[in-house]
């Protein structure tokens, strides 16, 4: 357990600053970690948690501030150095090799060797057994990692860190992909490691987990530390107040109108392992929010409705007509999806603004067998103007635009189809403040014209401020249906699983 | 070490089924002599396929191996005719292969050009240069000791079979028991993670081309020595044979997984189907079509299997 | 870099490099042989370019989607044999030729079906069908050559229209069609979208699988047409027709600046690539430099052009 306050903490980070372009991600953050403690780091998306962690793991260099290990100032130039210092970050599978065995994943790059450059498999197996004994689990060492579940991948990541004698373990959203049983097991392992003197930084959106596993908690908001207390001395309300912070005010321009007839109707939509029994409607002239944590199944539902991903059961109707699970059919019938990953799923970065903006209406641009370039230009010019794209140049490759303007191009692509229902998945993620406000105004204008919008956002103030009503997902199910003006802590409780079965109509 | 048994089992099942058909239709297939012939015929393919497998494991490909085979054949035969001792001839063939592989490897890693393009170019350059120097002339009257490498026997088994066995076993050992061998899998499976693990990715990527070239050079010694002449256009289409053995043997074309046993079975499948068709009195003219079909079926079976295993996911 | 190609006279850096190389090649060849710069000879160059050229048009489209088609040479051989077999079975020669082209189209469609349905990488699928289609040609013909076509049939591969070889006209026609198809139509735009970002293309509701299927069918059809011209030019149909053409076609496409990963490049580049290869071959032949040295030069030009391109692109970053 925690040692006496006299000895220096295992890790101290002091006055850490980091700026990305125009955004000050960290404004002088302090953080400390003692040996044998589990220290939770919480905050909304964009609060600066991951930036802080990336500095600790050597992926980023801070602009200012110092990092001390056992009282000694250190510079962490790259991820390898971080590991040499005993700092290990459990990424979400990204540092594992799906094609290799469990045993190899533990040791690749630093395998024990015998003479003649041979690998010492016996030593590897012995060390692996030791590490797994330390964790109190048994894993098939020769199994292909990709064949095991995500929970095992997580265990392998932890075991890999231990095999490299990590003293500080950073767990970033470690439970996001785990089932309830796996989470229990993970907590057992975390407690065991704490007993053995390993210090753990635990990052999670799920507040109930913080209370179950952490000794101390630090709250970040907008790149600043706004609280650091022993977990025993705080409660959830305190945490949520600190996290949400600012009041929700007229930042969000909404003119509420009575909603019209049903446009989108989803009944009992299910896919094994992703989401289950999802019912939802979107009416004319309303914005319906779909809130929940990353991994709760929101984007999966959106993609299934649009027909990109298959579903096992359920129906999707648009204006009363059944919608086949094919994207082109969805587009034809007036459904549009702005996907969450802008550069991979949304825009074709190497192509021009005009080509991107007309991708979804290509069949309409057919004229005598050829692409009607005049019409293409007029469509793109119309939306460049309507969305105030900067610079307003239709021939520029999308890659040359800022994040906010790239998002406007993707929006323009969908507006060109004159959709009746628009699904927006994280429409303002990675978008600067100005463009964010413009996108919000546009959303209000669209629903004013009778469009229905289903909005997914991890930004709680945004989703509360912009929507007419709110559905909250947790582990693939809609767990709460909340009216406009619901309190953020109610949403947060539902999303973190503290408000199961509370269907407020 | 993880082993993809599925593909190996499907090849084994296929071979057994074929054996059943042969047992009924052409029992003469099952003679020791015929088995030896089959193994001798696939020996040089299997040795080169080991090299190709190393290249493909890292997510690349080498289509210049046929040209490499033909250069090594010519150099080895010329050296032997000049009276050089057999050991030196071996070194020349392997060294020449390794050098040509180094050219490929450096072009791929230094200029970051896709390996398909690089080896497509060097395929032409290698072959053209060779024919320029040989003027297309064939090499006749090869020395006895040279031809003895391919035609001789040791303990009752033809030399090429011994060579194949030793090389494949050594290859399996290198791939499973050395850091370099494991690095090939890591680089092909997840290049970013490999870099973070401290693996020198460009070095590994270049080195597999050298290894592949050297193995083609070695394969040459059990290929060129079996004929009475060396034609200057020898080894045309060799790359397809070798890539086929590797891919049919279950090595993932995008890198990261594959086994030496799979390569051996892949080479065996290529060799057995050819011979079996002859024994079944199916015209040799149909052989290539049926072989292609077998390959497609083996790969399609595997693709459908792994498709079930991985589904698109991600997001929140 | 502009991604959408159009009928434009402004050339990209990569194409300027190629135009430079082409000019250099013409100058060097003119020095090597006095016959080189004659109208008659320049037309002769195109006679050889036509077959590989037709295949390269389809290959350009395939590579633009991020795929590859190794089976084109085999499809050429299969179509040649089908043409010969049906003619010798008593069919009208043009009907037989049409059947050959149809067989090529079907072979290409089969490639496309396996690639889109089973989700096997194009490299592997077409590596297997390379063997299958060549094997079918061998099996059907039993190694036999089909000769003795009516005189009229030879006009396609050996005749002239004025001073212009007939197959050049055919090739020019198809080139124009492909320039328009890739650069000026909705289909072409879809193709570039797939090659640049297949996921985003799917998320935009574009019919990705259907477009791929059509592309591979077109590649098969053009290989089939090249097979018919091949028979007409050499007066004979043999199963080994078009052996290794896949490498020639890929060389022309890649030399022409089309990215092997898809999405970037186009027909103009491929045409430049084709003519560089054709001129180097023809000029050197006239100068009595044998085919092998020509091969070395083509390989070197390919590597040099791609390397130069890569260096220039990196310099701009």
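Residue numbering begins at 1 within each chain, and the chains themselves are lettered A, B and C in the order written.
What we mean here is this: a residue touches a chain if its C-beta (ideal position, glycine included) is under 8 Å from a C-beta of that chain, and two chains touch if they have at least 3 such contacts.
None of the values given here were measured: they were computed from a predicted structure.
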Would you mind telling me which chain pair, A-B or B-C, is linked by more contacting C-beta pairs? B-C
Which chain maximises the distance between its CA centroid and that of chain B? A
Separation of chain A from chain C, taking each centre as the mean of its C-alpha atoms, in whole Å: 46
Dist(centroid_CA(chain A), centroid_CA(chain B)) in Å evaluates to 45
Compute the distance, rounded to whole Å, between the mean C-alpha positions of chain B and chain C. 29
Under the touch definition given earlier, write down the residues of chain A that touch chain B in their complex. 79-80, 94-101, 104, 108-111, 113, 117-119, 121, 142-147, 292-296, 298-300, 303, 309, 340-341, 425, 458
Which of the residues in chain B end up touching chain A in this complex? 1-2, 4, 177-180, 182-183, 185-186, 188-190, 192-194, 196-199, 252, 256-257, 309-310, 312, 314-316
Would you pull the chain C residues touching chain B in the complex into a rising list? 68, 114, 118-121, 123-125, 127-136, 138-139, 141-143, 239, 244, 247, 250-251, 254, 260-261, 290-300, 302-303, 306-307, 310-311
Give the list of chain A residues in touch with chain C in this complex. 306, 308, 327-328, 330-332, 337, 339, 344-352, 355, 359-360, 362-363, 365-366, 369-371, 395, 397, 413
Using the touch definition up top, name the residues of chain C that touch chain A in the complex. 1-4, 180, 184-186, 188-190, 192-193, 196-197, 199-207, 263-264
